[in-house]
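There are two complexes below, and they share chain A, which is joined by chain B in the first and by chain C in the second.
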Partner chain A sequence: MKLKRTIPSIFKLPEPILIVLCNILIFGLAFAMLRLSYQYSLACVAITIAVLLLMDIKGYINHLFSLYIRHKKIAFFSALLCLLVLPILLAGLRYESHIAIMALIYAMVCLGLNFQMGSTNMVNFAPAAFMGIGAYSMAVVTVKLGASAWLGLGMALVLCAFAGLLIGLPTLRTKGYYLSLVTMALQLAFTQMIKNIASVGGPNGISDIKAFSIAGHSLYKSYTLPLLGKVAPHFFYLYFCSILLIVLIYVALRIYVSRYGLALNTIAQDEIAANCLGVDVSRQKLLAFVLGGLFCGVGGALYAGLTSFVGPNDFTFSRSLVYICMVILGGMDNPLGVVVGAFLLTVVMEKLREFADYAQLVYALLLVIILIVRPSGLIPKRVRDYCALFNRRPQQEIEEK
Partner chain B sequence: MSDESAILSIRGLDTSYGRIPMLRDVNIEVLRGQVCCVLGANGAGKTTLVKAILNIVKADKGSMSMSGEDISTWPTHRRVQAGIALSASAAGSFQKMSVDTNLKMGAYYIKDTKLLEERLAEIYRSFPVLRERLQQKAGTLSGGERTMLAIARAVINKPRLLILDEPSLGLAPIMVEEVFNIVKQLALQQMSILLVEQNAVKALSVASTGYVIQKGAIVFCGSVQDLAKSEFMDNPVM
Partner chain C sequence: MEMFAGLLVSALLLGCTYTLIAVGFSLFFGVMDVVVFCCGDIAIFGAFSIMGAYVVLMSAGLFNTLPFIVCVALLLLIGALFCATLGLVAYRFSIKPFSHSSELMPLLSTIALGTVIKEVLGLMFMPAVNASASAFGGEAALKVVSGRNPQGFPELLFPNGGVNLRYVTIICVTVLLLLLLFIFLNKTKMGLSMQAVSQNKELSMMTGINVSRTIVVTFIIGGVMLAIGGFLVGSYQKIMSFDNGAMYGAKGFSAAVVGGLRNTWGAVIGGMLLAFVEVFVAGYVANGAAYAGVVAFVVVVIFIIFKPEGIIGEKTVEKV
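Take a look at the complex of A and B:
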């Protein structure tokens, strides 16, 4: 094929080794961004963004993607190994571990938002409200009812799915800007409502939320481990969040390549055409909202478990905007891109704290620059290849015949 | 005409856009295994009729049945799943997706991968043009190729009724020829087709029964031989 790009000579390594090296590089960069002081960390972010843009222009990202798909087992296990090593490197560092966990939680919320915003082109301005519902159900179940955090997570899932359905129903009648306005109103209403309900603490929120525990051992506690010595309380929580994120990414990718994902994409492009091909548009839109709600709910419950406090100010409209920015920056409709976007923006937000009052200004400037240079995001969605990631490809077999 | 031999029968269909009436008391029967054409000038209500058959435009009055089964209250996707397929400019191809994905989207509710592969292979045989362009985005196709894609996407399901809404629209004469060759082939395979066209000469060459629609009402109904002799064929707008 003439479209196939030539690979530069450094990439002439055997493919599995190349993948492992890539994974090490990715996680090394992530570690560096978390660990280094703000000047170097932000420089790292800038370089990463520049390299990603350059790679995309040259077409290397697509090449890399197909490489990962071809050797998905090696890619997955080496990435898993790197992810398991990361908390060990961060073992004694409280602040860095905290940022890492926040990045993971935000990534979950963004994955959820991506179902609506990326796949179906329904810009939902209420991801923070969904996350808030998850966090508050966790808080109410553990503090007010005194039940375990696991029950809180379950409750968060149920309530968020229900909220997704509830928010999804009016949006079936609206499209485009009007749909966004409806979700915006819901987000604002949520914050006001929480502030005015005394039984959930009103403006003071709920504190002393129980952490997750397995067989009596809390996941959020400082333990003394044989080789690492005394580790930060975030150590096991970071593992816990990583595992959940892996599960959620898997689910998101699985949905993306499935008929449902395809149906969502077709609705985004041409609703009437999708309907004429037998797609039940209402059901698919509701599904996008329920799925998004579930992902945000998991994020919210984990957030409550981490901070052990929830208040209305954690789930405001401006937070929703941050999640939307993460999805846009990472690349709409690309689950992996969204995770990258969430990580980068979380790091930037945290490291910009050095600028104190100017942090928001610098943050806004950064976003404006990125959106001008790259409106489609760092790792934009690729032309979809139905069945490519998980199923075998029917087409090749036909060509053989 | 009995309901059993008719794949689709429409009785007393009325539609309107807001307060403006569009179709008035339309009766149409499409017989099994036959090509039925509906002719009409611009703005006569041809596309509205097609949209009403798929419930994209809601009917105000009238009933619709498929092989004797009443489908009047069914939503669009259910009608499609029951075997009505549409190829029209109103429901275009997904421009940002590859041709391959577009075709597979046509077979959206075929869940059996093996069956899907067989159907795809058939489509590649009958539409060799598309086969060369599988990985290309549908938006980059030429007008003729896009029409081919729309038809291929509709027939991949082996529909019980294929609705073709102006397949010749905006095509060069040579492409019109090619499109109608495909329609002829489909007719030979005993597919029931409702062909909605402005190009009367071409439409009559493949159809067996014909309707003429004017200002939202059916003004002629009969065999194509009668239609060819009728005064409607003298009208230059058609």
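Take a look at the complex of A and C:
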């Protein structure tokens, strides 16, 4: 009821319809950004950023969030429907599907990074290294050992969790700059190691990585479908990545609203206070690194499956900076914001392929500008609704109690 | 034995280059309590500006009219000027806006600024001197290559003398610079006020020290140190690439951490230690050259875990 007073009169539609319209608008924008030529696509990105900022200033975005939470089933299923329609719209378009998949993969990496950077305020400069570990384990398992890609994914998860544990151990004794230096050292060392180890291809990388397949049908292959005709090879891979991203977003949100997420935020605020409150600081920090590593590992394995080639240049320090930039642009400690940030920057990066020389400069300038002008990002973290998101009962009931 | 001596010399030289960058880190960390991560990039920028100025002076024919040593001094002055300006820019745009926010903000913003510097170098730096062109050559072999390619650094330290003379000069310049810094920090009013600000900002403000001016002066001096550091890196490596900055920055910061972040002498010790580890691993371990950088980082990580205050840093106990 509060809503009707605060939202302008054109929005006086029934709430479920409003949500569906909103979802269609969001996915329509995403499709436009992917489909249009780079001038219009960038214009769409600029408009999106402006609208998001305006909505945040006016406070609409909070209403939108509470609207979504109030009707989460409608919101979820309409969004799912849109997400299922999107690959069909992109069916014959190779490059656009490629951008969409990259956006999904980067979103996974950024979700992982968000556990450390956003929730716990530990800047991890090595997301690209984690992603690289995932991608390389996928490559080694499928190419050198000849096993299936699923085993590669499993291997990527195991190794990334282990790497997260390994890099998490120094964090128990350090924080702030020192921690960042440890992660930075890992990132720089990782790139050097990969370049020097001959059995993983050295500077040449590993090519001909097997794609994922289900019951003998490769997910990355051009099929001829009824109604759609010949689709781009990315068609099923896009579905596959979308499903995985939905699962990962679900996990991330679940953790975010849980006691663990709350504990991570407490550590970010004040480590000593968190300790006094009974938070097991070292366990939580390790958890943040292992979880982040897992997410990055999934992203890396999918990346290797998509490009069927991994080389040391895809997992450098500057790539890590890009992921950090995505997280900050989207909004630290807000899983949905992070996904939005990843999508927007991926579109900018891929659409400006012709100007690739300037890409790094643009990112770095953007990062400085965001940090000065709006350090909280496009969709800042909201006041926590501790039990609203996954509670079965509608929110009003909880409020009444 | 001969190999040992050779390794010793190259470790000393590498240590000199690391040391100057690490000193920049610890100077900035002292007064501002933030890690200025673009130090490496500022140093590389200094080296590149010297290269650019060299080409300009060369084509203006100044090298034929003025004595060689005056020209080199002029080049160094230009490099120092550029780096000092850049230091001030870094302070104004990536440190000052975050003086009241979380300590990680300036870390991120200075890294981003370092990337900006690096990319600007890669995009804008056009004139370059062919590596084989000697400073005395009547016709300088001028060749325009893109800034993204590795650049040959002009031989400005005794181009006609032997390699040894150049190495001795590099070490002497470093020692001289450190001595000057020591005298400045301990004997002049400005240096003493820098130390005071480093120890306690509020208290030094109360005793009448102009804190903001002190900070600005620190950034200028740090910039000059970094410019000379970049010059020495260039003279030692002879080939410079625009993206060396991140590596030198990480090494310099590592050296400062190993030595003790707040302590200028810690930076010297840390720089030397890292350089020795790197060079001797490369020299004595089979196939070690490829892993020298990795080993250096492992040393840093071990230090951070077991002795985060550094070799001669004082242990800080966090108060609630």
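The criterion applied here is as follows: the second predicted complex is superposed on the first by the 366 of 401 C-alpha atoms of A that agree within 3 Å, B and C clash if a C-alpha of one lies under 4 Å from a C-alpha of the other, contacts with A are read in each partner's own complex, and residues count from 1 in each chain.
The criterion applied here is as follows: a residue touches a chain if its C-beta (ideal position, glycine included) is under 8 Å from a C-beta of that chain, and two chains touch if they have at least 3 such contacts.
Since the model is a prediction, treat every value here as computed from it, not as a measurement.
K.L.:
Go through the superposed model and pick first if A:367 touches only chain B, second if only chain C, both, or neither.
P.N.:
Only chain C is touched by A:367; chain B is not.
K.L.:
Going by the contact rule set out at the top, does A:192 touch chain B (first), chain C (second), both, or neither?
P.N.:
The answer is second: A:192 touches chain C but not chain B.
K.L.:
Examine A:182 and indicate which partner it touches, taking first as chain B and second as chain C; both and neither are also allowed.
P.N.:
Second partner only, chain C.
K.L.:
According to the stated criteria, A:123 is in contact with first (chain B), second (chain C), both, or neither; which is it?
P.N.:
Once the two structures are laid over each other on A, A:123 reaches chain C alone.
K.L.:
A:375 in the overlay: touching chain B, chain C, both, or neither? Say first, second, both or neither.
P.N.:
It touches chain C, and chain B stays clear.
K.L.:
Return first, second, both or neither, reflecting whether A:324 touches chain B, chain C, both chains, or no partner chain.
P.N.:
second
K.L.:
In the overlaid three-chain picture, which partner chain does A:272 touch, first (chain B) or second (chain C), both, or neither?
P.N.:
both
K.L.:
Residues of chain A touched: more by chain B or chain C?
P.N.:
Looking at chain B versus chain C, the one contacting more residues of chain A is C.
K.L.:
Now for A:358: first (chain B), second (chain C), both, or neither, which partner does it touch?
P.N.:
Once the two structures are laid over each other on A, A:358 reaches chain C alone.
K.L.:
What residues on chain A does chain C touch that chain B touches too?
P.N.:
272
K.L.:
Which positions of chain A touch chain B when the two form their complex?
P.N.:
Result: residues 259, 262-263, 265-266, 269-270, 272-273, 275-281, 383-387, 391, 394-395, 397-398, 401 of chain A touch chain B.
K.L.:
For the complex, give me every residue of chain B touching chain A.
P.N.:
Residues in contact with chain A: 54, 56, 75-77, 80-81, 86, 88, 90-98, 100-101, 104-106, 108-109, 111, 113, 116-117, 120-121, 124, 134-135, 137, 153.
K.L.:
Provide the residue numbers of chain A that touch chain C in the complex, in ascending order.
P.N.:
Of all residues in chain A, those touching chain C are 121, 123, 169-170, 173-174, 176-178, 180-182, 184-186, 188-189, 192-193, 195-196, 272, 317-318, 321, 324-325, 328, 357-358, 360-361, 363-365, 367-368, 371-372, 375.
K.L.:
Contact residues on chain C for chain A in the complex?
P.N.:
35, 93-94, 97-98, 101-105, 107-109, 111-116, 118-120, 122-123, 246-247, 250, 253-254, 257, 261, 290-291, 293-294, 297-298, 300-301, 304-305, 308, 318, 320
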